[in-house]
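Structures follow.
Each of the two complexes below includes chain A, the first together with chain B, the second together with chain C.
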Partner chain A sequence: MERLTFDLATTPLRELNTFLHNDAKAGKTSHVTVLNPDGAHNIAVGLDCPIAVDVVGHAGYYAGGMNKSATVTITGSAGTGVGENMMSGKVHVKGFASNGAGASAHGGLLVIEGDAGLRCGISLKGGDIVVGGSVGSFSAFMAQAGRMVICGDAGDALGDSLYEAVLYVKGSVKSLGADAQYEPMSEADIAAVASLLDQAGLDHDPKSFKRIASKRSLYHWNADANQEY
Partner chain B sequence: MCGIVGLLVKTPALREKLGELMVPMLIGMTERGPDSAGLAVFGNPLAGNERKISVYSGLTEDGADFNWLGLGHALKEHLGVQVSVEPKGNHAILSFDVAPAIVKRWIAEHHPKLHILSTGRSIDLYKDIGTPAEVAARYGFAGLTGSHLVGHTRMATESAVTPDRAHPFTAGEDFCLVHNGSLSNPNGIRRMLEPRGIRFETDNDTEAACRFLEWRLREGDDLETALQKGFEELDGFFTFLMGTPDKLALIRDPFACKPAVVAETDDYVAIASEFRSLAHLPGINHANVFEPAPEEMYVWNA
Partner chain C sequence: METKPVQFKNLSREESYGYDRKTLDYIRNAAAHGLYEIRGMGAKRKLPNFDDLVFLGASMSRYPLEGYREKCITKTLLGTRFAKKPIELEIPITIAGMSFGALSANVKESLGLAATEMGTSTTTGDGGMTPEERRSSKTLIYQCLPSRYGFNPDDVRKADAIEVVIGQGAKPGGGGMLLGQKVNPRVAKMRTLPEGVDQRSACRHPDWTGPDDLAIKIQELREITDWEKPIYVKVGATRTFNDVKLAVHSGADVVVVDGMQGGTAATQTCFIEHVGIPTLAAVRQAVNALEDLDMKGKVQLIVSGGIRTGADVAKALAMGADAVAIGQGVLVALGCNGETYFQNGAHHDAIADYNTLGTAPGFCHHCHTGKCPVGITTQDAILEQRLSPAVGAKHLKNYLKTLNMELTTIARACGKQNVHHLEPEDLVALTIEAAAMAGVPLAGTNWIPGRGF
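The block that comes next holds the complex of A and B.
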């Protein structure tokens, strides 16, 4: 099938997204290359078919947001909210990602080979996130379901008010958030980390990761807690 | 929301192109800040006792038709000061070799609606309401030369859209600051500084940060120490970019609520709120592009 190229230096972004939403979904091509993204916002958002989109360069805000089925690869960095609210498919950032990467993703896999900014995986709802570098503070805040694999370090308040998402960290954690705790790695955890690293194309020893999950002490309102958590 | 841009050239040959490289950076931040724009440019310092002030006449009745040469003559006649005047519509740079306070006092008494934008040996400052493209064309930003500059596009949230509330803000001599964000304790800072004789010109929250940091520098802090005190005293959301005659400095609040991206090559350091303002720069594909961390100090020497 024909492989199409959109050069955003000469083609309006809306033309690209309209093509991806309509023509691509109708099966006109299975592979689109985007040149000169130059930090534009909303590149390849809301895709709803199993197409591959390669963004060659740096993307702006919300790249690959709300993705369903598609595989979006960004060779440079990604701005705020990359892959946010993803439903399925894969968003792969070769460089670094800014704040709120993968926020509230329901499914799919977000891979960030470099560092991720603050609030990575905030309110994660079932998606998987693999970060090759480190994540900033408040990552996985109120994460409800899904998994995060962090190959570098984590900033302050990792997993604050965590629900049922599970975090795996190889490096150091500056501080855990309220209600997050370290737990032993089971064989199933090691297998899960190995599988996610494999899908992300990253080479780390799965046994070198620590598991962080919820203490579940914030699940129910405790009137006697005196606001001391 | 607002946009921030900064550019420091390391290669002396690029000093001639400083404005030309910067204009697309400023215009790239139009969506973040369409209501006002401004910039401060730092060049070779004036000798010894010489000082210059950037003055804005847009708030006077004559506006862009203000008689700048007449002002120069009047200053010579009344103060006996030789003043060189470079007018650009509603903006002029006045240079002289007396204490700037003497000139500024006379201007305040005789032309109270003239607004002093900056004072120093190295800094020229322009700011006005309008889109970044309009403001850049108004003052010929593309032709500006120098070693580094600090620019801003404004979408006002904390005070009205007026020329004097546009950024950059200045305090003292050769110090300026631009801000993306909003402070939650500007009035507390103001109440702390005013009894120390520090006078405010607007109700803008950024002015409090600017005057606080310049006060610390004047009290003897080096830039890093002043910025550390800024982290301790200034509460709210901020990405601040600051200029001094030989430095560009950048800090972000601990929550990194407001964005910033840096691109560095052997030739320049460029800073912007978003990458889209850096995409046109020469050699950007091989630049070291990174996001500055929250609560860290980034200081580059000109």
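The block that comes next holds the complex of A and C.
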């Protein structure tokens, strides 16, 4: 099938996204290359078919946002909210990512080869995130489900108010957030990390990661106080 | 010799203004539990509201329309600024966002059925869109909330408009709450939470932090929906003048302003009663902001928070709103705080169930417990059967019909062929506070406090 190229230096973004929502979904092509993204916001958002989109350069906010089924690859860096609310498929950032990467993702895999900014994986709801570098403070804040693999270090308050998401960190953690705790790595954890690293194409020893999950002490309000709700 | 203390009958039983029985009760409760009170509904305290305004009906200087015969248009268009498919409603009275979770699936279906029959819209809530709701409601507004519970692109595509919720009047600056009793298996699954947890929603959106970011977020939602659907932005009323301006700057098609009388399914009482401004004050500030930007009529304004009657609707419209949204009034129409519920063709007494909650019909604000005696704010398999979608829809349709008739009655009396022609000039205030907040003259004077004589 024909491989199509959209040059954002000459084509409006709206034309690209409309094509991806309609013509691409109808099967007109299985591979789209986006040239000269030049930090444009909202590239390849709301995709709903198993298409491959290569963004050659840097993307602005929300690249690959709310993705379903598609594989979006960004050869440069990505702005705030890359892969936010992804349902399935894959968003792969070869460079760095800004704040809120993978926010509230329900499924799919987000790979960031470089570092990610603040609040990476905030409100995560079932997606997987693999970060080759380090993540900023408040990452995995209120993360509900899904997994995060951090090959570098983490900033302050990692996993604050975690629900059922599980975090794996190789490097140092500046501080854990409220209700987050270290837990022993089981064989299943090691296998999970190995599989996620493999899918991300990153080479690390899965046994060198630490597991962080919720203490579950914030699940109920002041449960000792015999409160009459 | 023994002396007795002198007794003064009235002075010795004087209740303190500052430490009245309610305050004593509050302190004792705090001392006993070490946790703030959480409850449902909106502010209960006395606030300046639409009752403090009256209309100047037509007389010698204005010409009225015949109350029953002459045409009075109620059609309402929302989202005309950027969206290819604006929302077209038959009446300017919409159903406010209330979550499946806070309300039972039956109630959500009732809302959809009644709204569809009346030609108006319903709104999802924190917790996502249910198939029942989408099926029953012809025009469904899909909320994008800080928690993003159940938020997904398929439902974005199924929605008729998207409402980005920054805050709500009952708790501007706070996130939602759903206590464990209501987090049943279905609710838990929709929200990706463990069953039975005391759910606290985030108060900030996860992927943007200010109005400049929001502009990009709104653009994302537009790109995803190919610029078809209107984008609403909902704010709780606080610094309304600035907030409305920033919402317009961010690219909103419609701004929803929710005053402090607006309800909630569960929030700290201190939050409900002490944060935010009354709806009356918020409407004026919102309209001023739109006029200041020359966006009146281009960006539509929906007002909510304590709209109960057709007169309230008419006053909100006269002050400059394009439509209103109703939450608590809708629940009351369905039977909230009623003495009985209607099941299997007969009324059944619910008073004992109110008593179990420590309350009585007329005072109940126990939505947070999930034990609603009339089956509205519950996820309990038995209680939710106390309201059937068809019975609820019938009552709600009657309520909306009544409000609309009252609205057009007032509009005709003011000589308006279209309810959207009602204007501030048609209103005066009964109190100085209301005159100052609403920006209309005190009745019998041309004095608007703060604007000189």
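Just so it is clear, the second predicted complex is superposed on the first by the 222 of 229 C-alpha atoms of A that agree within 3 Å, B and C clash if a C-alpha of one lies under 4 Å from a C-alpha of the other, contacts with A are read in each partner's own complex, and residues count from 1 in each chain.
The definition used in the following text is that a contact is a pair of C-beta atoms (placed from the backbone, for glycine too) under 8 Å apart; a residue touches a chain by one contact, two chains touch by 3 or more.
Keep in mind the model is a prediction, meaning the values are calculated, not measured.
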Check: Between chain B (first) and chain C (second), which, if any, makes contact with A:80: first, second, both or neither?
Finding: both
Check: In the superposed arrangement, which partner chain does A:117 touch: chain B (first), chain C (second), both, or neither?
Finding: first
Next item on the list: Would you check which partner chain A:48 touches, where first means chain B only, second means chain C only, and both and neither mean what they say?
Entry: second
Next item on the list: Examine A:60 and indicate which partner it touches, taking first as chain B and second as chain C; both and neither are also allowed.
Entry: both
Next item on the list: Could you figure out whether chain B or chain C reaches more residues of chain A?
Entry: C
Margin query: After the superposition on A, what does A:145 contact: first (chain B), second (chain C), both or neither?
Written below: second
Check: First (chain B), second (chain C), both or neither: which does A:21 touch?
Finding: second
Checklist line | Intersection of chain A interface sets (partners chain B, chain C) | finding: 60-61, 80, 99
Note to self: With touch defined as at the start, can you tell me which chain A residues reach chain B in the complex?
What the structure shows: 36, 38-40, 57-58, 60-61, 76-77, 79-80, 95-96, 98-99, 115, 117-118, 136-138
Checklist line | Of chain C, residues touching chain A in the complex | finding: 33-35, 38, 147-148, 151-154, 156-157, 179-181, 191-194, 197-198, 202, 206-209, 213, 216-217, 219-220, 223-227, 368-369
Item checked: Sites on chain A touched by chain C in the complex -> 13-14, 17-18, 21-22, 41-42, 45-46, 48, 60-62, 65-66, 68, 80-81, 84-85, 87, 99-100, 103-104, 106, 119, 122-123, 125-126, 141-142, 144-145, 163-164, 219-222, 225-229
Check: Once bound in the complex, which stretches of chain B touch chain A?
Finding: 254-256, 259, 274-280, 285, 289-291, 293-294
